[in-house]
Amino acid sequence: MDIEKREYAYYPGCSLEGMAKEFDIATKEVFTRLGIKLSELADWSCCGATAAHYKDRLLAYALPARNLNLVGKSGKSEVAISCAACFSRLKTTTMQLEHDSKLKAEVELVLEEKYEGGVKPLHILEILMQSVGTARLQALVTKPLKSLRVVSYYGCLLVRPPEVATFDDLENPTSMDKIMECMGAVAVDWPMKTECCGASLTLSKSDWVLNLVEKLLREAKDAKAQVIAVACPLCQANLDMRQIDLQNQKRIDFKMPVLYFTQLMALAMGAQKEKLSFHRHLVEVQSTLGAYLNQ
Amino acid sequence: MARIGVFICWCGENISRTVDVVKVAEAMAGVPGVVTSVEYKYMCSDPGQKIMKESIKNDALDGVVVALCSPLMHEKTFRTAAEEAGLNPFLLEVANIREHCSWVHENKEEATKKAIAITRSTVERVRYNLQLKNITVPITARAMVVGGGIAGIQAALDIANGGHEVVLVERTPSIGGHMAGLSETFPTLDCSQCILTPRMVEVARHPKIKLYSYAEVESVSGFVGNFEVKIRKKARSVDTSSCTGCGICQEKCPQKNIASEFEEGLGKRKAIYVPFPQAVPNKPVIDRKHCLYFTKGKCKICEKVCGPKAIRYEQEDEIVEERIGAIVLATGYETLPATFFPEYGGGRYPDVITGLQFERLASASGPTSGELKRPSDGRRPETVVFLSCAGSRDLAKGISYCSKICCMYVAKHAMLYQHKVHGGKAYVFYMDVRASGKNYDEFVRRAIEQDKAIYVRGRVARVYEKEIEGVKKLVVKGADTLLGEQVEIVADMVVLASAVKPSVGAAALAQKVGTPYDQHHFYSEAHPKLRPVESNTAGIFLAGAAQAPKDIPESVADASAAASKVQILFSRKEMERDPYVSMVNSDRCFGCFSCEAVCPYRAISRKEIKNRSGEVLKVVAEVNAGLCQGCGGCIAICRAKACDLAGYTDQQIFSAIRGFNTTSTYEEEVVKK
Amino acid sequence: MNSIHEVREEARKLLEEKRVGMVIGYGKGKGKKNYPIFITDPQKVEELHFESDCFYNLAVYLRKPEVCSHGKLAIVVKGCDARSVRGLFSENQLKSEEVVMLELKCDAKGIGRDKCTTCRVKNPLTPEEKNPIDGEIAKILAMPMEERFRFFAEEFKRCIRCYACRQICPHCFCKTCIVEKSEPQWISSTPSPLGNWSWNFTRAFHLIGRCVECGECARACPVGIRLDILNRYLAKSVEEKYQFIAGMDEKAAPPLTTYKQNDNQDFIR
Amino acid sequence: MSMNMNMKFEPKIMAFVCQWCTYTGADLAGTSRMQYSPYVKIIKLPCTGRIDVQFIVKAFEEGADGVIVSGCHPGDCHYTSGNYYARRRFEMFHELMSFVGVDMRRIQFAWVSAAEGRKWAELVNEVSKRVEELGPFNVFHALREQANELNP
């Protein structure tokens, strides 16, 4: 199916403004090449994925509701989201407010406006797989990532909870793998696709997180992966940052670059490596990906 | 003026604890037309019934209300008693003041008021009850059994040996069902085919059994004793009467890589095939989806090699009609496929298989001739992990029930594995071991103690493939809840004891037959304890795993029980039926035939009303009392109120509605006293 | 047919060749008022007349014994009459081989007749558009529940139970009406607020899937009860819910005598 | 329907149920000793297909404040299709009732199977509570009291 939409509202979220800037850049690069316009919402605000949704239930729904209303006001009914956490918050909110009229009334009270509803939050993976389609993706590849062994890491929020994240299989998601195959890479099956990386405890229980990250990295290494592809700023930061700690503690002795899947896509589609901000990652990328960066 | 007697039961304390039965009796005594109103500790006891019977005679009652438990419990009892006392039994009605009142309310005043209202409404209704007579209908002493697994086979043989004709309908090309594919059976470890195939042959040879294999039930109409069934004989593309079953067609067919259903996908078959060597009937069928002639338009090799010229490419589905008196549903089960479990890699890893697949691997007639080999590379599995409850008792998978047979066959698998791979390691992950049956627990103990199966209590979270020393292994990650530890087992093969479900199409068949089923689509029995093999629809009986997960002995016992029920039905030439049938007042009927359109039993026909000179004055509806089942759909659709339903007449309902709301001041006062 | 002249010609032929025993149509009286006429003499077909104010639904006469006794019948029909005739076919009240329809286009401008303002079958054969929510229905729907209840209760209260609505309606074809049923008597047959409510409610319910929105009931009502609004609303619902328009296709099953497994059940718990 | 102001309002609710599913479901609620509101009284019918909308109108005429209509779930009808026809009839009844201004919170249609004793108890409680809150169906019952005004 190759029915593509030409324009989506775009909600980048705060990570993509800051530490995950490169995710934002790469995503826009890919969509520009696909000829799809991402129109960033004017005056968007936090989605509540941070402390807000633990601390205050009302805030957890009011914040996304505000942004969803912005989508409607911009005249669109679908919003593209890169960050897995933002996607989860916005989608959860649409589903919850549809059924819970009491909550909806409370949300409307704090927003001081009606919650209009009818907006569909879409993760960019969902758009790429379902609206764009693999044939079109393949067609745009100019520098295939030939024989690059990639493991796709989905983490929690792209597949869980299953009633929210519905676009891929809960237990064995494959959308990112398929995209990587389209880019010419070898999508390596591995057991840790949806295991927790511990990002939400990364500051409070760092020793636990180190164990989790170590397991993930070792399995990736055992699968002979050269790089881990991710679609979530939290996963990326956690796997990248904690890898350095593990190296410092001499618990692992290898480097496993952790890249956003759109960075790899942009690369395969011929984007300049300079543009993709690989230097922002802590685990050095050049030595693994050198061949692909300089092709 | 009516002469109605009201008899109120204490049901020991069951009713009297929350309903003041004395007050109910007092209140009813004041109702016009009620000539006697008494309560008694146990109305259903002999002395209780005697009170009613004597009152019927002495007080010359022409209507009786018994206020007690649900009519499903004792309506029959009291109607029989009334009849014995000389009253038409249909002049008696039950007021349900136990299940619908005393058991569900705590406040005595409220419950008493409600009991009075219920009884009063019933009194008002009974005023208009008519004297009815049961309807007798003839019985066709001929049964249909749907499903040719062990349950269907047993039921068919028992009924046929009882001297009645049986039509056996099987969906697949051969009877035998799942049992034909099993390796050995618990708890005796005797070979499944050895005990089953003689029964299959007996079916084929039995003069009283007519077998329709590769056929499905198309529609069922009629009612108990008088069903009319249409059966679709699917086009086999082979003329079974001239085919000798020599097998040359199958041998020469060039289409050979089709996954065999019988081998659970682990073996191959041809496009023209007999599912397995002992199949009954032992005649091939062409799988038109894969046949070169049907897909590409050329080949016809089978036609060329067939000596008796039995190939019929042009054959079409054929609908045959059968008159049947009773139906046994024995449609069996299936199990969840491995692909249902992505967390265990089902469908991705060839060495993650289901229990039924393991049966084929372990079976002497299976694709490996009984040698245990991994489907992926043919290696002997040194370590096998068996997962019980794959999907069962798991609400996340939508299945709340226990699949019942798995504990036993997992123990059997572990044992068979040990017997075939000496020194191999068998792990069993389980939630509980449920081995309640004759010699069952002993069997499981044997697996654990003699054959050293390692039982780990806990569930498995994930199975994934990992290459270790050049060999693809399966890493099984789970929990040992007794040790409170996470465990990781590197295995060569994982066997999922995947949940038992009713066969595909079970619900659709139930809807055709008009019998209820539960949310999982298992067929519902009329009573879970007392009528376990009867459905709620008269003349429809249940056998085997179509009703709930069952093992072989249970399925066979069920089948014999259902067969005996069928024979009880067939022991009479005709049967009595409730007289609740629709009737049409042809004066009021103006012939719009909306009733005809909504009648599910085709019980409405058109009758011409003629004058003396034979001219047709009008055409009106008429009810065939033999076909009518008394649903009353025709009445609700009739604008002119020309139809009515005996036993549930408009007048009775109308009066009952009024009865609820005419609780008089007198009655209110009785309650307050 | 395009003009009344053609209709007269056809009527003459039918009568002369004895293919029908009677032609039912419109005539014009001295006071320029339209009224139904019943012609058996081919010489008199010139009396047939048609203009925009021919508001009667002539289909109602097809089942009157005085008319039926003439054997096969021809009837002049405009859109609403034609729908009624087809409705009667579908409910086995008439045989299509026994009725000849002489169809005429109507501009639905029945002078001063409210009933024609919402018409959409000016051409007897094809409906023009989706049944619109007309202003009067919208007005009811805008009322809060209690107000609606009061509105209709007040309307029905005026009913004098003359049953003109029933007599004028081609689809009230029951020989004996539910209101004339005793044992039990579902609806009290004399005027009273409660009985009136039940009667008018029941009649509306009985016309579901039958009413062709000709509006004759409201026109005939001597106390001016707006029965037409009720019936129009139900006709609209039936079309929306079951895609059924009464009297359009005589082969289509009336909506309450059929079902789909996936019929709406949002209102059921 | 007059109500003594000192008395608690006890709604009159009539339930028309099919004997195969809902009646048996209500029996199950009884054998399971589920406690529920006492205001709902059952009239047993063979099938929802037998339920004439006239019954519901009559129930209100006779003083009911609420009505429950319940039978087998779609596909489970003992008579195979009675509930399907009933469903359409009830939908149109619902449509007409609300058009003439009857508060449809007073009428509840439900599918309650023989296995759903719990659902029956919940249904009864829910409808009882709702009708209790709505109060007596005075606008309708007033029609009866006005009867004598017209025919003195």
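Should a chain be cited, it is by its letter among A, B, C and D, assigned in written order, with residues numbered from 1 in that chain.
In this text, contacts are C-beta pairs under 8 Å (C-beta built on N, C-alpha and C of every residue); 3 or more make two chains touch, one makes a residue touch a chain.
A quick note: this is a predicted structure, and the numbers were derived from the prediction, not measured.
Computing the C-alpha centre of each chain, which chain sits at the greatest distance from chain C?
A
Whole-Å distance, chain B centre to chain D centre, using C-alpha means?
31
Take the average of all CA coordinates in chain A, do the same for chain D, and state the distance between these two points in whole angstrom.
Whole-Å distance between the two chain centres: 52.
So what's the Cα centroid distance for chain A and chain B, whole Å?
The separation of the two C-alpha centroids amounts to 49 Å.
Counting only residues that touch at least 2 other chains, which ones in chain B make the list?
In chain B, 598, 637, 650, 654 touch at least two other chains.
Where in chain C do residues touch two or more of the other chains?
Residues 178, 186, 256-258 of chain C each touch two or more of the other chains.
Which positions in chain A touch two or more other chains at once?
Within chain A, no residue touches at least two other chains.
Can you name every pair of chains that touch?
So, checking each combination of chains, I get A-B, B-C, B-D, C-D as the touching pairs.
Residues of chain B touching chain C in their complex?
587-588, 590-594, 597-598, 619, 637, 639-641, 650-651, 654-655
Residue numbers of chain B touching chain A in their complex, please.
These residues of chain B touch chain A: 341-343, 345, 348, 462, 464-466, 475.
Help me check something: in the complex, which residues belonging to chain D touch chain B?
12, 14, 20, 24, 26-27, 29-31, 33-36, 38, 41-47, 49-53, 55, 58-59, 62-64, 72, 75-82, 85-86, 89, 113-115, 121
Mind pulling up the chain A residues that touch chain B in the complex?
Its residues touching chain B are 169-172, 189-191, 222.
Taking the complex as given, what residues does chain D use to touch chain C?
Those residues of chain D that touch chain C are 53-54, 57-58, 61, 74-75, 81, 84-85, 87-96, 98-104, 108-111, 123, 139-140, 143-144, 146-147, 150-151.
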